[in-house]
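Just below sit the structures, each encoded as structure tokens.
Two complexes are shown next, each including chain A; its partner changes from chain B in the first to chain C in the second.
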Partner chain A sequence: MFVAKTIAADHKDLIHDVSYDFHGRRMATCSSDQSVKVWDKSDSGEWHCTASWKTHSGSVWRVTWAHPEFGQVLASCSFDRTAAVWEEIVGESNDKQRGLSHWIKRTTLVDSRTSVTDVKFAPKHMGLVLATCSADGVVRIYEAPDVMNLSQWSLQHEISCKLSCSCISWNPSSSRAHSPMIAVGSDDSNVTYTGKVQIYEYNENTRKYAKAETLMTVTDPVHDIAFAPNLGRSFHVLAIATKDVRIFKLVPLRRESSTSSGPTKFEVQLMAQFDSHNSQVWRVSWNITSTLLASSGDDGCVRLWKANYMDNWKCTGILRGDGSPVNGSSISSAALNAAAASGAQNSTVGAASAGRKKTQLMPG
Partner chain B sequence: MWHQADDSLLATAATNGAVVTWNLSRPCRNKQEHLFAEHKRTVNKVCFHPSEAHMLLSGSQDGFMKYFDLRKKESVSTFSGQSESVRDVQFSTKDFFTFAASFENGNVQLWDIRRPDRYERMFTAHTGPVFCCDWHPEDRGWLATGGRDKMVKVWDMTTNRAKEIYCVQTIASVARVKWRPERRWHLATCSMMVDHNIYVWDVRRPYIPFATFEEHKDVATGIVWRNQHDPDVLLSGSKDSTLYQHMFNDASRPEVRANPEGLSFGLFGDLAFAAKESLMAAEGGRKPCPGGDRRYPIFFFKKHDVMERFAQVSSVLSVFESDLDGGTRMDWFIETARRYQLSGRPFAELCDHNAKVAKELNRPQVSTTWTMLRIMYSDPGHPTPPANHNMSKLGNMPLMNSFSLKDMSAALNERNKENRQDNLHNLETNLNNDENEETEGSDGQAEYLFGEAELDDDDLYSIDHDNQAAEETEFSLPQEAFPLRHEIVEHATAPELPAEKAESPQASGGETESVCLTPMESFSLISVSQLLFQPRLLPGFFNAIVKDTLAYYAEQGDVQMAVSALIVLGERIRKEIDELTQEHWYMSYIDLLQRFELWNVSNEVIKLSTCSAITCLNQASTTLHINCSNCKRPMSNKGWICDRCHQCASVCAVCHHVVKGLFVWCQGCSHGGHLEHVMEWLKSSNHCPAGCGHLCEYA
Partner chain C sequence: MEELDVEPTITRIPGAGLNQKHLGFEWGPGDLLVYETNLKLQGPGSGCPFIHVVRRDEDIYSPILRKLFNESHHIFVGLQNIKDDVPSKNKKPQFVSISKNYRSVIRACMEELQQVAVSSKVPQYSNQVSILLAIELIWNLCEVLFIDAAPAGSLLLHLLDWVRLHKADVDEKARNVLQSESPTRHHAYWDVVMSFVLQGRMDEARQVLQKRASLQAESRATYQLMDNLLHKMPVFNPSGTQTLTEFDVKWRHWHEECDRCLQDNSFASNNHLETICKVLVGDEDSLLEQKELLGTWYHLLISRLLFSHPTVKPAELHYYAQSSMDMFLDSHSAPEPLDSILLAAFEFDLHQVIKDCSIALNNWWFVAHLTDLLDHCKLLQSHNLHFGSNLREFLVLEYASGLFSHHSLWQLAVDYFDHCPEFGRVYLELQIERVPLETERKALKVLRICEKRQMNEQVRSICKIMAKRALSNNRLGSALSWSIRAKDAAFATLISERFLQDYCTRGSFSDLDLINNLGPAMLLSDRLTFLGKYCEFHRLYGENKFTEAAKLLLSLMTAKIAPRSFWMTLLIDALPLLEQKEVIFSVDQTHELMFCLEELTSDNELKPEGLAQDDDVECTKLELLRLALARNLAMAIVKEGTVEA
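What follows is the complex of A and B.
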């Protein structure tokens, strides 16, 4: 079961993204009001806003944390066509009385000519690497050659995806068997363009990112994309938020010979597809062990998905934004027995169909 | 600029300071009507008086504004802004005599055309040049200004002091601003550089454009609403040498594409969720998309509805925290990591300890796996009395091995052969069936026979003789057992291995429904079986299964178990799993541990790992530079004697012996010593034990 706490965010416009830091004790929100806020969890479990500052001159679409090894670093991207890297300054300037901290801009990445829609730090083992994607369909990968100097970033790669990009996700696997990989989603509304999810892989020989896979079955606009934490798996799991929630499994096929320099071939399996949000799905997020997937859609609900031993994904809970449980959804531990499972399943289905009825009354 | 009443009259301004009016209705080729060459520098703007047909106002780079009467040859009056350049002049829509002028220095001046000596009012609107201004067509006191500071500001001019009532932040300097006809809150802007788009803003929501026209390939130089009463048609000219007539319905709506929700899983299983308030308030229904309205632009009332909705937005931020008994919390992981013992004790004890930890944390399947590992890899320390008895029969085992059972299993069958000749046939067919149906069939056989072997002979006889009917069901068990086994796996996410082993005869015979075996039950049963066949097993017999088990745990997301078992098993299993996979597991687990700030555990794992790539992790990027505490010079890293002053550098200030273990020192005076000695000392005194008088602080 979840306990819902509402936080007075006090953003003056829509909040577009929420992001936890590496250790789960800090949180950053960004909003169309052009500001980013940082929240710290006190020992009593309360969230306090410790910083709020204007970051861009347009809507801030995403905010993301770097690995703490690089310091307390945030990256944000905005409608104003820039992405920015921010660092928290620890020292005398911090207003300890009011519990406020000071963030300063380390760099502004101005290469995009259109709105920058997503920004993500690469997994730590790749160094201090940042990827951005923009509405004109370009993914840019920046690297800070000196991790101590956050104000110097060089543009390493520019990948043209042809379609307007909305979201990116790095493959978090730290295995040497997996080359760096990045998945890009497109929110192009033209459904005749297939393959709204493209996966690019770094090729050691050519030192370039090359397209490894296109998920041709995804034709609707993709709003969010998330690789599951890898945790020693040999395969990759990718969650996609489009008009429904989809979970793909990418199994790298063994290469015949190690000399072949082409991109890794994957066996792509669609593991699950849920349209129970009955609307656009905006966000997907994995828990740390990648056993649980959360998705949120236009129905204002968060749904939790969990796989059983056979990779059968099921809804294990629905959370309303205001905290009221939709049904007796419970995320109970492993000891859930069969009867209860089927019961919960039924009630979930019931709730879903009720939701459908409601939405049918609405045009559009 | 066109004359508002006369369609054929046109005024232009030029960079050479000329203001020209053209009359298109003139019959000859030269359409030029008037030429006023009074300005000395570029004329930035000309403006006809909205109601006075012959009056024209100009604003120039030279800082002057001139008021022309088209019936006369020269200007009627000249207004001096007493500052640099005039960027824009606009007659008020409310007041016949008033016009506004915007200046390059950021000021806006209000003038009365009857008083050319002095402006009526001046205020600073922007930092940097004010490129444009526009009076609101209905709310007569409102003036919108746009400047190089990328802002559009709306001023209320009705009060004594100009009051800023709205401020829109755009992404580039604002070149033109035009109120949208018939829409009280809307204005259109275009930019002077960088940005090629034309935006229509709702001033009440200054962050997201209400609509965007994205057609131009270069910056737009001018925009104008086509008709004073038509809110739907906008004309724009651009440096890309195109002129567009935009229909408002074709505009893209950034808000529709903007993400209304944010969602993130925290490390501890808590979930942060931010969503648009209306999404949560409405009973799960998406507001009809504006596309629905687009088809009926006539219904203003509906259109307004969209606007109202657009203007009033906010998000709710909430955090869902999993409570104590929730399975999503990560407490189990932390506890497990803390309490597992990975080295320093005999193998069997480690396994037992870890099994106990897992059991206490309510993870029976992991616990069982540990127990199994102990059994599979322990040397059978117990005497094995039945071995001889069995061995004799096991000798002819290969004969019985006609069907594809594992050797051991077959041997066990052999043992019961006398009693079970008939049943064996039954079994055999069952098993073969299974093999066809299930890829895991061979495992299934082993499992069944494990259970079989656990029974004492007496029990077997009793079953055979007393429960002949039940026997039938028991022997059809392997088939039934498959769904059953899956049930177990499903709820406990147990791996194949423990679940298989756990299939005891009791459970399979009568109590098939009660799938929850306690680990102890299966443990005892299996340990008996182990006695029976252990002596003749090769040491690596279980390696394949264990390898699969570890891989299974890893694929299920429990890399903790995979790594812990890998470490505890050590050499027993290491060669079975390829180096890359191991390294991957280690890396993932260490990353997890570091996330939870379990540095000690993480270090232990690094230390115990056998992969070279891992063990070097805590040997990298750690350098200690030591200075001699006597002569303050850098020390070579060998030995305790400073080679400059030839004294022992690391002498404990308390006991005066050389410290060879943990050395703690005060960073202020560099004196220190044995950890325990210094701790003892500090209980009695705050001063340095070396007597240097320093008030020592130990971090």
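What follows is the complex of A and C.
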């Protein structure tokens, strides 16, 4: 691993979230400075900020892209108790010449009475559906019935979780065997000895979301949660950021009868648990094929976790700040130095192995 | 199996960790974005933070290694297509030749890199050269031991070839010596002779020795004796009729003869020749004295085998390997990972070789291709690796996923995924939909790959993305053809509406070529059908095929293909036909037109506000239409009456 590039994000305050679009050609950043910025990658690989606008009247916690089938659409959520949906419109030609794009607010979702802590688009096979969760303990699911008219969003479901919610994750499985499912994490520290991760499943018959499972073993505050891509498996894999990193396997149990209308029951297995952060973990996220899980914790590190072909999990890489200031002149050279440092090894045959230890593993 | 525990690598992020305690991150297709933040959502803010792009694999961006990736891809695909019906034993020559192909690709790359490394002096290149050298060295050994699996006798010959290939500096040294003004007085003269001997290159050693012998008349006999010993050294000939036992007997005779020469001090007058003779009898101390010339413990191993155990069996190798390594390395110098890998190979511990290589080398290329080849040779099973095919698939998937993050190499990865039976398809589905669709060309390329594999959902999604993008850029034609490809009826309806709206405001159609050639695709949505038919009407009218045009126009209304909102436009379109000199609409047709008009106006009367705005214009239109229809009806009655009469 090496730092290939450093981008000056130019936010006036803390960045809270950075989000790649589906193809990795654009990114959106959001900040306590109440703005969202959109960045585009040029053919030469340079990132240019093409839009920056004030989105909320409070810190913007999260920003996320809709699937490109729905166009260029962003959602953001904020301390100002709202979530918002934004759409890019192809602007005037002189805007394009200046490399700028134009985003307009399509809707403001104002149902929450408290800070909206997370916002996530549902998997695309469900249509244009958006979930939010908030500190008042409610998960709200909105839908744009007409994907050509993003100013119309209807609140389809309100799920009361009874605990202050910090994070949500949709199950990405598009298999017909799996109903839409959303996991909710809570950072409520007032209530102890309660499961802090709840899993809700959509029921075709009642047309409502019902609780399918509470992970009773996770009793400490949860700050992030992430379903892994399904890979065509019958079970689901869920990563959780709490006082450590945990990976759970949710195996659907066979229903007693096919007519049973209750939610799916799961056998919950703990696949892995890592306490290397030695402290609170704040973020977890899978790469595209879920071969790597990244987590970030109070130790100031991002750790990468990988399972081998025997399903043994290990830490394969650590990213850590070096705590030295980046000044204007060193930005571009920093990348070169990092690359050179990892590449500069002696050049005899025997030294090949002494070179860069790869961030991969093959434990037996 | 021993667990080789490797500490995770630490990557330092410059400038981070100074103001805030946390690192936020975001996964991308080929990289990871990292930024300084405070995830506790409190604490003091700070402006102007940085986002760092962290890459996983740097080799993938090397233009020279690109060739390695491209050419090994061909070999890989060829290997996958070798038929399963031939028993694997009979396929050995094929596998060996594939193995050699892989190695020659490595060599070619290495040579190119070497040139660049010399000319550019970039340390990265020479580092890559050394990695490729190591890879080729390991691969070649695996080829000898596992794929070719030579039996005793031939085994040593192969190992000698192996060591000669990888200790090529001997040839360069020999060239320097022989081309110098006075080779025999060159300081490296005896080094060259000894190096040749150590590699079993006796003829070449004799040639060099000859130069000296011809100069020194007084010691000619001694040189003659050495020349004779070197000349007579038996070499096993695997294709000959000689059995291994016969060879062994012959070799022992020769060995005894060398020994006798030592005993009776035949070479006492010449230190150099005496040392050579000691080496010939396999004297370990004398061999170890040549440490400088041997360079590595595995050269020592091969030379020891050559002069002490030329009929070594594969199963005995590990013993000599371990002892050679112990002899060669000082007690305080720990073996390098490369040493452990080679030792594991000599121990025939395939899994350890693959495992150690994965950890020590910086790319998946080597382990993925080697493991795949060994798996095809059915070697992973015979070495009791029950997860053999999983291991292969695991490594191939990792390698292919790495390729996918590259803007053009991803196309190679597709074939690798195709040959991973368990997860290849899902991986491909997940990866290919993330390929940026910068241009229509690129989109079509990705689309073809998906179509060929019946990845219907990905096909639909790509078309939908392209349709949506074209629409937001106001490229209606492109949007329409993409939505037809996506079989997206709702979207096709929407775009058809946009075409009709555009027509109403501009009075002409864009993308007529496309619409006129819709064919059966027209049936995707009602509105698209109408659009197609309506354009056909205009085409017929333009070609002066009035009767057909009129018939079509009418049917658009009577068969309810046209949306009611468009009827007035259609009726106005009928006006010029009604006013032709010739009668075009028959009596019945005119009646039908009139009926349509009445239906429309009665509708409109129900909601009079619809007409309120441009009342005058609408009224004029209606008047005109009614007049034209009445006149046409009269003419048609007259005409039809006339013809019948």
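Here, the second predicted complex is superposed on the first by the 311 of 364 C-alpha atoms of A that agree within 3 Å, B and C clash if a C-alpha of one lies under 4 Å from a C-alpha of the other, contacts with A are read in each partner's own complex, and residues count from 1 in each chain.
Throughout what follows, contacts are C-beta pairs under 8 Å (C-beta built on N, C-alpha and C of every residue); 3 or more make two chains touch, one makes a residue touch a chain.
Note that the structure is a prediction, hence the values are computed from the model and not measured.
Contact with neither chain B nor chain C is seen for A:Trp53 once the two complexes are overlaid on the shared chain.
In the superposed model, A:Ile15 makes contact with both chain B and chain C.
In the superposed model, A:Arg176 makes contact with chain B only, not with chain C.
Within the superposed three-chain model, A:Val90 lies in touch with chain C and out of touch with chain B [touch as defined at top]. When the shared chain is aligned, chain C comes close enough to touch A:Phe70, but chain B does not.
Touch criterion met: A:Met148 reaches chain C, while chain B stays clear of it. By the document's definition of touching, of the two partners only chain C reaches A:Cys315; chain B does not. When the shared chain is aligned, chain B and chain C each come close enough to touch A:Gly300. Comparing which residues of chain A touch chain B with which touch chain C, the overlap comprises 1-9, 11-20, 22-25, 27, 29, 32-33, 59, 61, 124, 174, 223, 229, 231-232, 282-283, 285-289, 291-292, 294, 296-298, 300-302, 308-310, 319-323, 331, 334, 338, 355, 358-359, 361-364. Taken together, the chain C residues at the contact with chain A in this complex read 1-18, 20-41, 45-56, 58, 117, 123-124, 126-127, 129-131, 133-135, 137, 166, 296, 336-339, 341, 351, 354-355, 358-364, 367, 387, 390-391, 393-394, 397-398, 401, 423, 425-427, 430-431, 433-438, 457, 461, 464-465, 468-469, 472-474, 494. Residues 1-9, 11-20, 22-25, 27, 29-34, 45, 47, 57-59, 61, 79-81, 124-125, 173-177, 187, 223-224, 229-235, 278-280, 282-292, 294-302, 308-310, 319-323, 331-338, 341, 355, 358-359, 361-364 of chain A are the ones that touch chain B when the two sit in their complex. By the touch criterion given at the top, residues 1-20, 22-25, 27, 29, 32-33, 43, 59, 61, 67-72, 88-90, 124, 148, 174, 223, 229, 231-232, 282-283, 285-289, 291-292, 294, 296-298, 300-304, 308-310, 314-326, 330-331, 334, 338-340, 342-364 of chain A touch chain C in their complex. Those residues of chain B that touch chain A in the complex are listed here as 150, 169-171, 194, 205, 207-208, 254, 257-276, 279-289, 291-292, 313-323, 325-328, 330, 333, 362-363, 365, 486-487, 489-494, 551, 554-559, 562-563, 580-581, 583-585, 587-589, 591-592, 595-597, 613.
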